[in-house]
Each structure stands twice: as C-alpha cells, then as structure tokens.
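Chain nomenclature is as follows: A, B, C and D, assigned in order of appearance, with residue numbering initiated at 1 for each chain independently.
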Amino acid sequence: MQSIPIEHGLILAGILFALGLVGVLTRRNIVFVLMSLEVMLNASGLAFVVASARWGHADGQVMFLMILTLAAAEVAVGLGLIIQMYRKFKTVDIDVLSEMKG
Amino acid sequence: MTWEVGSYLNIGVILGLVIFIAAMLIWVERRLLGLWQERLGPNRVGWFGLLQVAADMIKIFTKEDWIPPFADRMSFVLAPAIIMVVILTSFAVIPFAPGVGVVDSNIGILFVLAMASLGAYSVMLGGLSSDNKYALLGALRAAAQMVSYEVFMGISLLGVVALSGSFNLREIVIAQSDGWYIFPQFIGFVIFLIAGIAESHRLPFDIPEAEQEICSGYHTEYSGMKFGMFFVGEYLGLVLIASLLTVLFFGGWLGPAFLPPIFWFAIKAFGFIAFFILLRAAIPRPRYDQLMTYGWLFLLPLSLLNLLVTGAIILVTQ
Amino acid sequence: MMILFYIAATVAVVSTVGVIVQSNIVHALIYLILSLLAVAVVFFSLGAPFVAVLEAIVYAGAIMVLFLFVIMMLNMGQHTLDQEKTWMAAKDWALPAGLAAILLAQLLYVLREYRVDIVPNEVGVLEVSALLFGPYVLAVELASILLLAGLVSAYHLAKK
Amino acid sequence: MQDLIWLLPTFPMLGFLSLVLTGGSLPRKIVAVIGAGSVGLSFLSAVLISAQFLASGEDYFVKELWVWMAIGEFTPGFNFYLDGLSLVMMLIITGVGFLIHLYSTGFMVDDPAYSRFFAYMNLFVAAMLMLVLGDNLVLLYLGWEGVGLCSYLLIGFWYENPDNGYAARKAFVVTRVGDTAMAIGLFLLFTQLGTLNIQDMLQAAQQQWAMGSPLAIAAALLLLGGAVGKSAQLPLQTWLPDAMAGPTPISALIHAATMVTAGVYLVARTHVLFELAPRVQMLVAFVGLATLLMAGFTAMTQRDIKRILAYSTISQIGYMFLALGAGAWSAAVFHLMTHAFFKALLFLAAGTVILSLHHEHDIFKMGGKRKQLPIAFWSFIIGSAALAALPFTSGFYSKDEILLAALAVEGPGMLLWIGGVIGAFFTGIYSFRLVFVVFFGDSQGHHEAKEEAHWSMAAPLMLLMVLALLGGWIQVPLDAVFSSGAGHEEAHVSLLVHAVMIAAPFLGIGVSYLFFMSKVFDLDKLMANPLANSLHRFWFSGWGMDALYQRIFVNPFLYLARINRSDLIDSFYALLVSITRSAHLMLARTQTGYLGWYALSMAAGLVLIISLGVML
C-alpha cells in the first residue's frame, strides 16, 4: 500500500474550503449559500479525518462525527428557515432579507 | 478488505446472474400471481411462457427512448442509472457462499445502507426532472418514505450486529452456525422485512408509484430502456432484500451438507421472493400518512426497544 | 490506494466547482452529492471506512435528500433559473474569488513545510465507537441534545 | 413530640406555599381552612410541645436540624432552641396568631385578595417562629427580616392606594435603620466572640468581656438599635402609626401582639450582654420611659381609632423597655404576653367597629355603639381595663411588676417610677376616652351599623376577653432563663406606693369621664386657649417627629440627590456615552443587512489574521 503525503489531504481540504467560500460569497440564492456552507463544513471535516489518519488515531473521526451531527441540525434548521422565508417573501434571494441593518 | 478468489470472474458471473434472475423474476411474478389468483399468467411465448421476458426485452430495446422536451435532461437520464448502479453495487458485499462474492468488507452492512440511502435519489430525481405534477407527487412521497424507513432499517439491523459483533456480512453468516438470528432477533427481522419492502417501494408499499392514485408516480414520463431500468431495478431491489434477509437472519448459505452452500442460499432467497410476491397478491396498499405514522410512531420505538433489550441481554450474559 | 486518493480528490474538486458555478439548483445538488461521495472515497483511501460510509449515509444520503425535498417543495421553475443566471455576473465573482484565492494561497504557504507521508492504516468502527462511548460520551450526549433542538426548531419553523 | 418542633414553622410555611403556588385560584372556604388551619395546627403542636417540655423539667432543649452554611469557622446551624422565653413567645405567636387568623377569615371575607392575605399572614407566622426559635443570631436575623418583609407586604396590602404603599415603604426604611445597626452588631459579635450561637455567645461574652467594657457597650448598643427599630421606640417609632394603613387583623397580629415585641424579645434573649453594659441598660430604661410618655401624650390627642391603639402600643412597649432597663426581664416578657392578649382584643374589636361603619376610622364620627355592637363594646371595656391596668385584669399584674422593678432600680429608680405612674395615668385617660367617645354618647354621622359579626369573628373576641381578664394568673416559666437577672429580690415597698399605682389609672379614667362623658369640662373651650391648642397640635403630630425627620434626613437627601443630578462625574460618563454613541453610529453603517457582505468581511478578517500569523 502506497503512502499519501499528508499535505495533499490538507491541500484538498483547503481547496474545497476555498471553493465553498467562493460559493457562500457569490451566490444570492439562499439554497446555494447553504449548499456552499455544507461544502465548507465538509472540508473542515476532511481536515480532521486527515489528521486522524496522520496519527493513526480515531479522535479525528469522532470530531468528524460531531461535525456531521452539527451539519444535520444546521441543515434542518436552515431549510426550515428557507421555507419560512419563501412563504413570507416569495423569493430565495438572500439580499431581500436586508431589513436588519444599521 | 480482501478480494474474493478469482474475483474478476466472480464479478462478471455475479452481475450477469443477478440481472438475469431479476429479469426472470418478471416472469416468475406473473406466473405466481396467476397461480394465486386462479388464472394463467403469461403462457404463450415459449415453454410455460418462459420466453416472455426475452420478448419484452426486445420490445423495450426497440421502443423509442423519448425524453420529454420540458424535462431536465441531465437528471432525467441520470435517475434510472442511479438505481441500477446503486443496487448492483450493493451486491458486491453479499456473500453468496464460501468463496462466492465480490468483496469481503468490514463495513458490509453499512455499505448496503449507504447504497440504499443513495437509491432514494433515483426516484426523487426521476420525479423532479419529469416536470409533471404526478411525478413530483410521487417523488415527494418517495423521498419521505425512503428516508424514514431507512432509519428503522438501520436500527433494526443493529441487533444482529450486536449479536455477531461485526459489520462484515460474511462473519455474520459464520456467526450463525450455532443458530439463525431469526430466533433471537425476530422483532428485528420483522422490522427489517417491512422496512425493506418500503425501501424498495414494492407493493403493498408502492406509494410513490401508485398507479391508481398518481398515475405511476415518478416514472410516468419514462419509456423505453429508461423505464426498463426502473423496472428491472425494482426486481433487483427485491433480490437484494431477499439476499440480505437470508444473510442476516436465515444463516446465509448455511444448511445441511447434502446440497452445496450456494443452493441453500438460492432456496432461502427464492423463498423470500415468493413471499414478497404473495404479499403483493394479498395485501392492499396503505394510505401515505398511515404508512408514515406507522413507521415513526410504531416501528421506530419498537426497533429502539429491540436494540435496547438486545444490548441489555448481551451485557448480562457476557 | 494512492491512486484512489488522487482520483477521488480530483473528482471532489471538479464537482465542487460544479456546485458553485451551476445555475440549475438540481444540477448543483447532484454535483454536491458527487463531491460528498468523492470525499467519502477520500476518507476510505485514508483508512477511515467508518466515516466514509457515514459520509455517504448521512451527508449524501440524508442531508442532501432534505435539500432535494425542500427544492421540490419550493419548485421554483424556469424563472428562477433565468434569475440565477443574471445573478451570476462576472463582476460579482471577482472580489470573492480573489479573496478565496488569497486564503488558499496562504493555506498552501502555511502547509509548505509539512512533509509527512501517511500510510493509511484502517481505523475501524470499533476504535471510533470505543472513543465515542468512552472519553467522548459527553460530546455524544451534547450532540444528541443539539439534534433534538434542531428537530424541534425545524418542526416549528416549517410549520404553517 | 419535642423533636417535632420543626413542625411549628413548617405548617404555616406549607400554608404559605400552597396559597402562593395556587395563585388565588382556590375557593375562599379552602383558603380559610388552609390559612387558619395551618396556624391552628402549629398552635396545637406548640401546646403539646410545651406540655412535654414543662413536664420534662429541663431548662432548655435544642433540636439540631442541619448546618445551614459552612464558611470556615462560620457554621450557623438550622437549629431550634426551646426554653421558657421562646416557649412563651411561641405560644403567644401561634395562639394569638391563630385567633387573629380565625378572625380574619370573617373580617377579610369580602376582600378580592383573600388568598394573598392569608399567604402573607402564614409567611409571617413562619418567619416569626423562626425568629423566636432560632438558636443562633443568623437564624434569628432571617426571621427578623422575614417578619419585616411580611410587615411591609401587609401594610401595603391595599396597594391600590398610594398612601398605603408609602406607609409600607416608610415602615420598611425606618426599621431598616435599626436592622442595619443590628447587622453590624452581629458582625461585631462574630468577629469578637467567634460564634453566633446565642448561648455560646453569651457565655463567651461573660468570660471575655469585663463589666462595662467598650466592646460590650458597643454590642449592646447596636443590638438595642435593632430592637428600637423593630419595636417602634424612640427615635425610630414614627413608622408604627402609619403602619395602621394595613388591614386591622394585621395591626392586631403584627403591629401589636407579635412583631413589634420582637425587640423586647431580642433584648431579653441577649440580656447577658446588657447586664455587661449597665449604662446601655439604663439607656434602655430611659428610652422606654421617654417613649411611653411621649406616646401617651400623643394617644390622647388622636382621632383615628387605630392610631390611638397604635400609640398605646408604642407606649406599652415603652413599659416593656422600662422593665428591661430595670433588669426585670421576666416582668417585661410577662407584660409582653398580657399586652398581646389585650391589645389583640382591642384591635380586633376596633376592627369590628370599623367594619360595621364601612371603614370609618374617626372616633368622633362614631358614638353610641354600645347597643349595636355589644361584643365589641365588652371587648373594649375589658381590653381598656386591662390596658389601663385596673386591678384584677391581666395588665394590672404585669404593669405592677414593672413599676415595682423600676422603683427598685438604684439611682434614678424614683424618677422611672414616677414617669411610669404618669404614663399609667395617661393610659387611663386615652383608653377610656376611646370607650366613652365610641360607645357612649350620641350616634354620630350617617353610618348604619351592621349586625354583629359572624362566629369566626366573635369567638376570637370572646376568647381574648377571657385571656385579657385572666391572663395575669398565668405563670410564665422564665426563672431558669433569667436566673442571672438582677432586680429579682422582693422589694418591700410601702402601701402608699401601691395605692398610688392603683389610683393613677382610675384618676385618668375620671379625667376622661369628666371631659368626654359628662362634659363637665368643655373641650372646645380648652382648645380656644392658644397654648393648649398648639400643644394639642404638637402632640397630635406625634411630637413633630415626622416633620423633624423630614427636615433632618429626607430633605437633605433629596437636596443632595438634586445637586448630584448634573455633576462633573456625570458629565464624564456622558462623554463616555457620546463616544460610544458615535462609535456605534460608525459601526452601524457596516451593518448593511446583506449576508454576503458579512461573509466577505469575515473572510477578509480571516485572511488578515492568517497573514499576520504567517508574517510574524
């Protein structure tokens, strides 16, 4: 079995994170924003798993499970909010929700 | 993870056999239904109508493979492929007999569950991309039903996992040398059976595609080979559930030595398939909300209780 | 395994790009599922089969179904697709993309000194479970409370 | 049974909790049963416990429940201490308290806040029992503040009227002055003697402090401060007349029979300290004397039936302080008990009169109520007789003891005695002035008197009448408590002394008769005299104490508050506020409400922080 350099795993996580960030920053459709957020969350989980593999411990995997739980709860609440928003504003444009300013 | 002996041959033979069996099931089902409903079933093409499947295949392959112009092309094409891929991949971890199987994985059960959860996309994407309200309704129903029953399916399996101490399907079969898990895990077996039928949306739980209510649901717009893939996929799912029941609760290939192990497996699996067909003939379809209520308010607590009691007994007896 | 890792990584990156540039939301979701599955394969190649499968079951199989479910419920139709295209003007992309690129460059710069090869050893279900119900049992309880809170609030929010 | 002493405060506490937690949703009958029944049960257990305690012949009994808190050496226990003194107090509180609760079930029956009333009353009884049964000063202080709180709540019971709220606040603030002194006293005792357990503390004080040592004087003075505040003695007496704003049963229970005598109890409980500081003890006597005379003058001039009784209470507690100062501890407690009987009787009877006249308080608008309210009339006759210490009533025995003890004091004994006798003379005047004006004479005003009250109001009056008449025959078991007490030797005094003491109240009654009954002397003519008139006004206002305090304390405080409103320090804070404000306005502009903008800022911040981390 060949070895994998750890930095490649971390670089992958970094690339995914950056891509997710671009998605969060550019999209106006809130569903896309949430999806990009999932990408970022997943990338951070990946970093944990890479670290776990580096040391041969299971702790990183446990952390990933926590992130998974967090993501599940976050998505449930986030999608509930999206449904509410769509009912109220008839749109998924996040910039419509800019009433709370100043 | 180890590959089985002669694996490439194995892969080819198993894939071919599984698909062939699934196709033949179409004929088997119609004959059996005919038998139970005191009519004949297909009997014109070939010996006992055995070539009916071949005839159907010729028809399906030559039919126009039409994609509605209003449909979302990518998802529309992807949907039937997903179900085929997902279920055929699941067969990779099924141990048919000693030395017969594709891989021997430590996470076999989880792999099957993962594939089953991905199978939901086939139905949902198919319904969503069709841009048809019946299809959408079917897809919505399918999403709720499959996601819900996946949960009980997973939990009902954990009793078996706890007893055998492994996620490896081959080890689970070997652990049943002393006794099949149908006895200590009867409740788990019943729940898994029900959840399995719901997961493969077979009758009587074919709510996503109920012909009488929503006009065949998610595959209303499908025709030709894409429809054929959905159709065969359903029978593949049937074979998969039957195989899983055999492996998890009925000792897999284990049996008296006068028959080779693979035959024992086949006999048990076919018994389940016949049982499923009998269910289709015998039981009416429940209402959608009844199915969901039944699942969340009865099956979920029951499966959790089953797991709890199993765990407690294991803890005490160890 | 090494080849598996690189193939999966490539797939993950490409499909993630697909997520952020797609204007059709269903397509974007399919790309996202693909990306998650690719990451699951990466996990597998790193010797973490348990989380790999969980990634497939929970992330790709359950959470993304929720997304699809909501998309179905909203059913936004053709005009949102067009709107989405107009929202994706190049000038809106410049600044975020630049920023993300800088961030990535920084990360790469920080990582330049690490040179550790990992030989993936399988860390299986047993080890993870022993940790989960040993030292991390409190975290598990908290996670379950979090899930309960998520359940209640999602029910409340989505209720009419 | 003695072990069950914790039941005593528990019953009313449970009553309080059940009434409070149901929030007034219970029907009145059940509220009455809970409210009065809990105190009744408490009384029953008090009687049983007392019987057992007296039969056992022990000097004291301690029930240790649990350690309240433990901070280093400071470990006050939640322990109950029973001896003769707390036994008497406990019986008075539960017994008289029960009668007043019973009376209240009838008196308050039309009040919308029936349940709240009984909740407060029950809480009060529980706190008061805690006060008298606590074996350490911290527990005592808990009860002390508890009764203060209940007093506040009940004075302001009819809070819709702002005046009542004002009276409640006044009572609270004025007693707080005394309580603060007392708290400081507790700190002093603890730091000096290392314990707050009363008995240990007293023993330690006797061992460590010499007679008249400055520490003993300071401790006694501080405790006296608390006692003076609670018992409405000079100079903190101004709150009690105003406290009459509460419902009449409250005045009977809290502001006559029990709470206001807590000061007497405190001094009696810690009498060893006062014996170590003879000057302070003398001060106690003179405080009592001054208070009783002052309150006597004022009571003669009041028009409000409850205020008259309130001043008479102040005056009677003055007698108790006089006794305490004279070292006649048991006489003080004895008078405390008889006073509880006849003053509760008077207040409750006054309540009946007030209720029958639709809450009319002015005695000169009453008159001729003898026939209409016979029970109230006889209650007043007996109560006033006991108050004026006519022979063979309960008040006679206790006041007699006090005056004899005062006479026996070395030094200013004669002065104290004469003052006490003059006070008795005044007592005769004002108590019978009340009787003559209210019950004899012509019926004044347009008020239609109601029928005599329900049995729940009549029965307590009857019982209290018996107690007020015969209470003087009760032997209080105090010898063991005050064994060290001075002034206990039988003083041989001449017959003349006795004659004067018996004659003084009769003289007062006679004067009162001449003024208010037969009208031999014309009051109006007397009032025409400018000197008498101004004196009357001076006394009526309670020797102008309220106005004095308004000038000395309240006005300067308000003045200080006013000039502090816009001072330099404030402007500094105002600058802070304006800086914060402008910063806020600046930052607020970054709050665009666009999620993308926020995320962008976060990302930029992240980039910045990582750059810093990488560079450095």
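Quick note on the criterion: contacts are C-beta pairs under 8 Å (C-beta built on N, C-alpha and C of every residue); 3 or more make two chains touch, one makes a residue touch a chain.
Computed from a predicted structure; not experimentally measured.
Once chain C is removed from consideration, the other chains connect through touching into the groups A, D | B.
Set side by side, the interfaces A-C and A-D show unequal numbers of C-beta pairs in contact, with more at A-C. Located most centrally within the structure is A, per distance between chain CA means and the overall CA mean.
Computed centre separation for the pair chain A/chain C is 6 angstrom, with centres defined by C-alpha atoms.
Centre to centre, using the average C-alpha position, chain A and chain D are separated by 68 Å. Remark: chain C and chain D have CA centroids separated by 73 Å (rounded to whole angstrom).
Taking the mean of the C-alpha atoms as each chain's centre, chain B and chain D sit 85 Å apart. Among the residues of chain C, those touching two or more other chains are numbered 50, 54, 62, 69, 71, 73, 95-96, 99-100, 103, 107. Shared contact sites, meaning residues of chain B that touch two or more other chains, are absent. Looking at chain D, one finds that residues 600, 603 touch two or more other chains. The list of touching chain pairs reads A-C, A-D, B-C, C-D.
Of all residues in chain D, those touching chain C in their complex are 600, 603-604, 606-607, 610-611, 614. By the touch criterion stated above, chain D contacts chain A in their complex at residues 588-589, 591-596, 599-600, 603. Against chain A, the residues of chain C that register as touching in their complex are 1-2, 5-6, 9, 12-13, 16-17, 19-20, 25, 28-29, 32, 35-36, 39, 42-43, 45-48, 50-51, 54-55, 58-59, 62-63, 66-67, 69-71, 73-74, 76, 80, 83-84, 87-88, 92-93, 95-97, 99-101, 103-104, 107-108, 111-112, 114-121, 123, 127-128, 130-132, 136, 139, 143, 146-147, 149-151, 153-158, 160. If you check the complex, the residues on chain A that touch chain D are 21, 24-26, 28, 33, 94-95, 97-102. For chain A in complex with chain C, the residues that touch the partner chain are 1-12, 14-23, 25-29, 31-32, 34-36, 38-39, 42, 46, 49-50, 52-54, 56-59, 61-62, 64-66, 68-77, 79-84, 86-87, 92-93.
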